[in-house]
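Structure incoming, see below.
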Amino acid sequence: MKKIEAIIRSRKFDEVKESLAEKGIHFFTFYEVKGFGHQKGKELSYRGAIYDAGYIARIKLEIILSDEFVETAYETIAKAAHTGENGDGLILVTPVLSIKNIRSGLEGSKSINI
Amino acid sequence: MKKIEAIIRSRKFDEVKESLAEKGIHFFTFYEVKGFGHQKGKELSYRGAIYDAGYIARIKLEIILSDEFVETAYETIAKAAHTGENGDGLILVTPVLSIKNIRSGLEGSKSINI
Amino acid sequence: MKKIEAIIRSRKFDEVKESLAEKGIHFFTFYEVKGFGHQKGKELSYRGAIYDAGYIARIKLEIILSDEFVETAYETIAKAAHTGENGDGLILVTPVLSIKNIRSGLEGSKSINI
Amino acid sequence: MNETLYTVNNLWILIAAALVFIMHLGFASLEAGFVRKKNTVNILFKNSMIIGIGLITYYLVGFNMMYPGDVFAGGYFGFSGIGAIAPEGDAGGIAYADGAYSYYSDFIFQAMFAATCATIVSGAVAERIKLGAFLLFSAIFVAFIYPIIGMWKWGGGWLDSLDVPFYDFAGSTIVHAAGGFAALAGAIVLGARKGKYTKSGIKAIPGHSLPFAAVGVFLLWFGWFGFNGGSVLSADPGNVSLVFVTTSLSAAAGAIGAFIMSYLLFKTHDLSMVLNGILGGLVGITAGADLMTNPSWAIVIGFIAGLIIPVSVVFFDKMKVDDPVGATSVHLVCGVWGTLAVGLFGTKAGWDQFISQLIGVAAVGAFAFATAFAIFYFLKVTVGIRVSAEHELKGLDITEHEMEAYSGMMDEGGQQWAFSA
Amino acid sequence: MNETLYTVNNLWILIAAALVFIMHLGFASLEAGFVRKKNTVNILFKNSMIIGIGLITYYLVGFNMMYPGDVFAGGYFGFSGIGAIAPEGDAGGIAYADGAYSYYSDFIFQAMFAATCATIVSGAVAERIKLGAFLLFSAIFVAFIYPIIGMWKWGGGWLDSLDVPFYDFAGSTIVHAAGGFAALAGAIVLGARKGKYTKSGIKAIPGHSLPFAAVGVFLLWFGWFGFNGGSVLSADPGNVSLVFVTTSLSAAAGAIGAFIMSYLLFKTHDLSMVLNGILGGLVGITAGADLMTNPSWAIVIGFIAGLIIPVSVVFFDKMKVDDPVGATSVHLVCGVWGTLAVGLFGTKAGWDQFISQLIGVAAVGAFAFATAFAIFYFLKVTVGIRVSAEHELKGLDITEHEMEAYSGMMDEGGQQWAFSA
Amino acid sequence: MNETLYTVNNLWILIAAALVFIMHLGFASLEAGFVRKKNTVNILFKNSMIIGIGLITYYLVGFNMMYPGDVFAGGYFGFSGIGAIAPEGDAGGIAYADGAYSYYSDFIFQAMFAATCATIVSGAVAERIKLGAFLLFSAIFVAFIYPIIGMWKWGGGWLDSLDVPFYDFAGSTIVHAAGGFAALAGAIVLGARKGKYTKSGIKAIPGHSLPFAAVGVFLLWFGWFGFNGGSVLSADPGNVSLVFVTTSLSAAAGAIGAFIMSYLLFKTHDLSMVLNGILGGLVGITAGADLMTNPSWAIVIGFIAGLIIPVSVVFFDKMKVDDPVGATSVHLVCGVWGTLAVGLFGTKAGWDQFISQLIGVAAVGAFAFATAFAIFYFLKVTVGIRVSAEHELKGLDITEHEMEAYSGMMDEGGQQWAFSA
């Protein structure tokens, strides 16, 4: 089992989700994050003073996968989230030592929802 | 040291927190996440059009633990977060290479707040 | 490659960010989390009843780094986020198995934005 | 009566009616601010419907039950037929009320009051009552219960015919205490919100937006100029201006009273208490706003109302009567206080008056409580009045309305991307 | 005419003008609530500017084009010069309108109406129109199009001179349908918001704050007391009070109608529909508010308007006319309905009247639609009217205003730390 | 004077008082919108208390210090005793002000003004002042400083007795500049919010809710119809209608002026500037609203006020005077401008008048600034006026009120689960 973490553009979220679904990967967790990278946040202005949060908003996905699905997911996300412009984000694979599905109590790769 | 990550129902949060406290685990970090899984989000309706965020809201816990506490925490969460219905979520154990408490500067398992 | 995760005080965020920048580390991802630890949340009061969320608000940073930068980042954050009072938070180093930059398609440490 | 003075008087009653209307926005904002986010659409929906249902049922039956005419004078009940259509010519105009207002001005002013009374209930039963049951209750309450109570005094019924007639200038009893007692009945029959009273004590369930609540209270005060000022039932300069002064000073003193008492009790400055304190002052002065010829009396009445509010809120919580917006403390308790205050301060003060006030508020309170209790209980055993525990947990917005009050508030950079899925 | 009655009448027109003013806050709140968070500053900006631009252009040209004087009676167009300065002495005072109101009262009341008409458009074109283009449109619309339409009827033009004169008491056609048709033209020329009509069907794009929308609707109702009540053009007790009653009952019935129809169609209780239903009832009664001497007719008109609303919203969505706030359903459709209803109910009901109503609303609708379409189209091919896809995605707040409507709403513990960076 | 005309006049003053009341909601909303989320409860609390404290202190001492009677004519100070109780009979009624209004109408109208003046200060000192110190300041200001200033002109004092009397129709100087100078003193004594002026320059600290700010401004405009319109002190049709027109056109022109200037300076469309521009236009016209018999003058005055606003905001920022809501720019600067404009435009324009205006506004400004400075300074060295750095960081809501303005806004699916812990 592995965990894939991907930081992607919010507006690419739907595309990524659908591409994953086509490959049979329906289950994942996500949340909103902020990032500092090549792409900068837009400057805002308020009562004559300019301010700049600096960061941009991104979505982070986390997907737990059996080893055999990792490669597919990895490539699928890389393709669907790509625009070629600064700010596309990145994908990581990280190790998972053990896993348990709370409902079924199953452990290991049997427990993974796909 | 290990990191336990658990994705649980919001309404089970208090129960999990209290069960952990009973086992002497008082310290952890959490945040709100969204998930796609067996359980689907409720369909909403607005001016005649139906929409569906698809996802459901979940809480994610992260607990850093010395190895001897991992098993207890793992089982405690699994029990407290269980309802038996779709959407219960999952628990992972992931590796930690090193850790430092910012206040005390202590490293390794001495640094871990429990 | 490693991932550094740090849980810090919101009000130390700018300092940490600037210290990292001085060491040449400009890119990272962050999000708001809540934590239970030594420091407790402030009690609030509403219509005569006291309530206490219990948790405190923290910022979590995630930085993906080539191995040679890990030590620097680790120490820099530890210093910049330090106040010496309860609630300073902690820093972890966790393993990364592989990484891909979505824009460039590059993998491994070449892919890492610094 | 000259035509011009009639025009002025009538104009004031109409403007007052518009001001009482805006109280409905005040209640809607206040209640929306005091409930949790997950029940906000629901409370706004109820408030939007109540004014609709209230006006129409009052048009159909309420008005003619509340003002059935002289034949029912001194009685307990009367009715003069369906619908409120003005008599032809002067009978519905200058001659209708001695040149004070036309038939339709009377109707619309009274109709806005009627809807107010039902709205009081909505806050106390919020976050757990079924929409349908609540709307049914409101319709019955505005169509029958409120008009019967109103008839007792303002319609020339028995309370108006006591030896020392019961006095209730603009409705501390007739509107506020009546609504407040009905609210109490509703809160009791429903039971508390889940998680409010637990083994480990009383839990705070903070309202989701105090700014909305504050807007509501200021709008209510604004509307009260019409509620009390219009109850002079003419534009008489001396009386209307006195009422404006006593109403405002009482509200002001209510803020200060609640400020002090909530600091004494809770050692903090609770905005929700000061807001309730203002309302307490307003409700308190309503029975005798025209009698406090020394405005300092109004300050005393309002100040005491303000002191009462935090104590009363704590008391109802101790009694496990769960009232998310404090409607019972504001309308019931301060309504009773204001009614009795007529016997203590102002130009009618005196023992006999005090007794009549006691009779009046007790009779109205008992009737409002009993009938509201009966209706709620009947609805409970028939259609059911409480949403399921699961619906309560998820919130009524999603479960009864399939909507959320706020969408995309959390999105950075304005991207409500989730909805394009 | 006695001086005192003149003073009363005039006072009422002024108060009514202030109430119509508050409708602008109503529109601003309603529209802000119905758009996404990312376009909230933009819609508020537009609404703040429209009232400014509207009043000033109406002062400069509009008023004298709408009321050019008797020489243009029965005509299609007139103009009596730049600026609105009262005639000296009684001519601008008691003699100006037979003691009903002064010249300046007339002007300010009319000017508030004019700005309203432009505001109707802003909701329908929200979330995608360029700021500059919209402000230009508004200026032209208030300066020329609305006054010309108004002149046809209220300025004594041809619609007022039909054998059976077209009747439009307070503007179901002149203000609401005119604004609604212009809104339709704008929505068509602009096209739908991205992501609204997709291959997989019609997508919901929920407004970001239903509480704001609800506040807006209550304020609009409040303002309507001035809109309709002031259109009596005197403080005549009988007429003004009748208008208050019919206006309120129709709004109330609109809520109930929309409640029922949206339940039938959608099997849910859609707050946004009930809010639109109230507005539909208000627009519907506007043409004949003084004619429904049996207030039950007003209930029927409002109830039907309420039933129409959900059907109409669905219809425009099917036609792929994207109208984020439902302005076309409320103002165009219910405006037409209310205009025709004058031929069906009330003291002018009759076939001949119905035909005149049809002529009036058709002529106004055609003219408003055609001119608005032409202006929008002209702006489209010259300065451009639609923001870029990227700006639309990011939201107009950031791209046109470099601001966000809400800052730090997400921060825990009140730390807007991000801005100290 | 006939009884009926008295009734009309008096009714208008009362309605105007209610409209001035609603300005307090306007200020509360505006200021709440312009502060950070973490200080929202605090600002609402202050605004709720000021109206309470203001009305009661004005009742106790202010009114009789501002209008001490003829014996003090031409003087600098007077006082005619504690409490405001109407003289018996006609002396407090029709004879009180030649049939224009009753004693109590006078009191309540003036009392609402007084509270307004204190409210102006609250915005400028927001987000860092201690609650207790602020409430003390407000009480002293409304009880003594404002009444003394008011007495100089409206109470028949020395400014009213200049050879060419100083003119201030509704209070550009007496209310707005006075409040604005006191606000300036407060902002100076307190110092800037942490993080506003840093080594790397002036930082933006955006308000947490521009929608609330916009609501506030529209409500202020609405209330200004009473503020200026009521200052005619009768329902005189010619004057009140002129005042409505000049007030509205000036506000409209203020929006446009600020729109243009903020685009020139900042190259963007800053909603907060347009909102301030509207207020600037309103403040600017207040001194001479009844003198601009050619309404185009009002447009010029408002337009210039609008142009001034962004420049002034930037200027005060350069001076490191931290004013979160722009109260100094709106009330002080535009108040001075409006006062001087009486010497430049309208029926009193002329060199002598200009000099008198200069004397008046300088004297009032100096007195208001000096006394406010002294009070704030005294409070600073005694009870302390500024919250601790830590409290400022955490926000005053949590530290002074133990409450949050919004609860559970971030929860998905409406679960405010954290509070059941």
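As written, the chain order gives the labels A, B, C, D, E and F, with residue 1 at the start of each chain.
We adopt the following convention: contacts are C-beta pairs under 8 Å (C-beta built on N, C-alpha and C of every residue); 3 or more make two chains touch, one makes a residue touch a chain.
Computed from a prediction, not measured in an experiment: that's the story for all the values here.
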Assembly fragments, subunit C aside and the remaining chains unmoved: one piece
B-D compared against B-E, more contacting pairs: B-E
Mean-CA-position distance for subunit E and subunit C (Å): 52
For subunit A paired with subunit E, centre-to-centre distance based on mean C-alpha positions, whole Å: 46
Sites on subunit B at which at least two other chains make contact: 11, 17, 31-32, 34, 42, 44-46, 51, 55, 94-95
Residues within subunit F bordering two or more other chains: 4, 8, 11, 15, 203-207, 209, 215, 268, 270, 272, 393-394, 398, 402-404, 406, 409-411, 413, 415, 419-421
Subunit F-facing residues of subunit A, complex: 44-51
Touch list for subunit A against partner subunit E, complex: 11, 42-46, 51-55
Residues of subunit E touching subunit D in the complex: 2, 4-5, 8-9, 11-12, 15, 19, 36-39, 195, 203-211, 214-215, 217-219, 221-222, 225, 229, 235-238, 240-242, 244-245, 248-249, 251-256, 259, 268-272, 274-275, 278, 294-296, 299, 393-395, 397-398, 404, 406, 409-410
Partner subunit E, residues of subunit D touching it in the complex: 3-4, 6-8, 10-11, 14-15, 17-18, 21-22, 24-25, 28-29, 32, 40-41, 44-45, 47-49, 51-56, 59, 83-86, 92-94, 101-105, 107-108, 111, 131, 209, 212, 215, 400-411, 413-416, 419-420
Touching residues on subunit B, where the partner in the complex is subunit A: 2, 6-8, 31-38, 55, 58, 60, 74, 77-78, 81-95
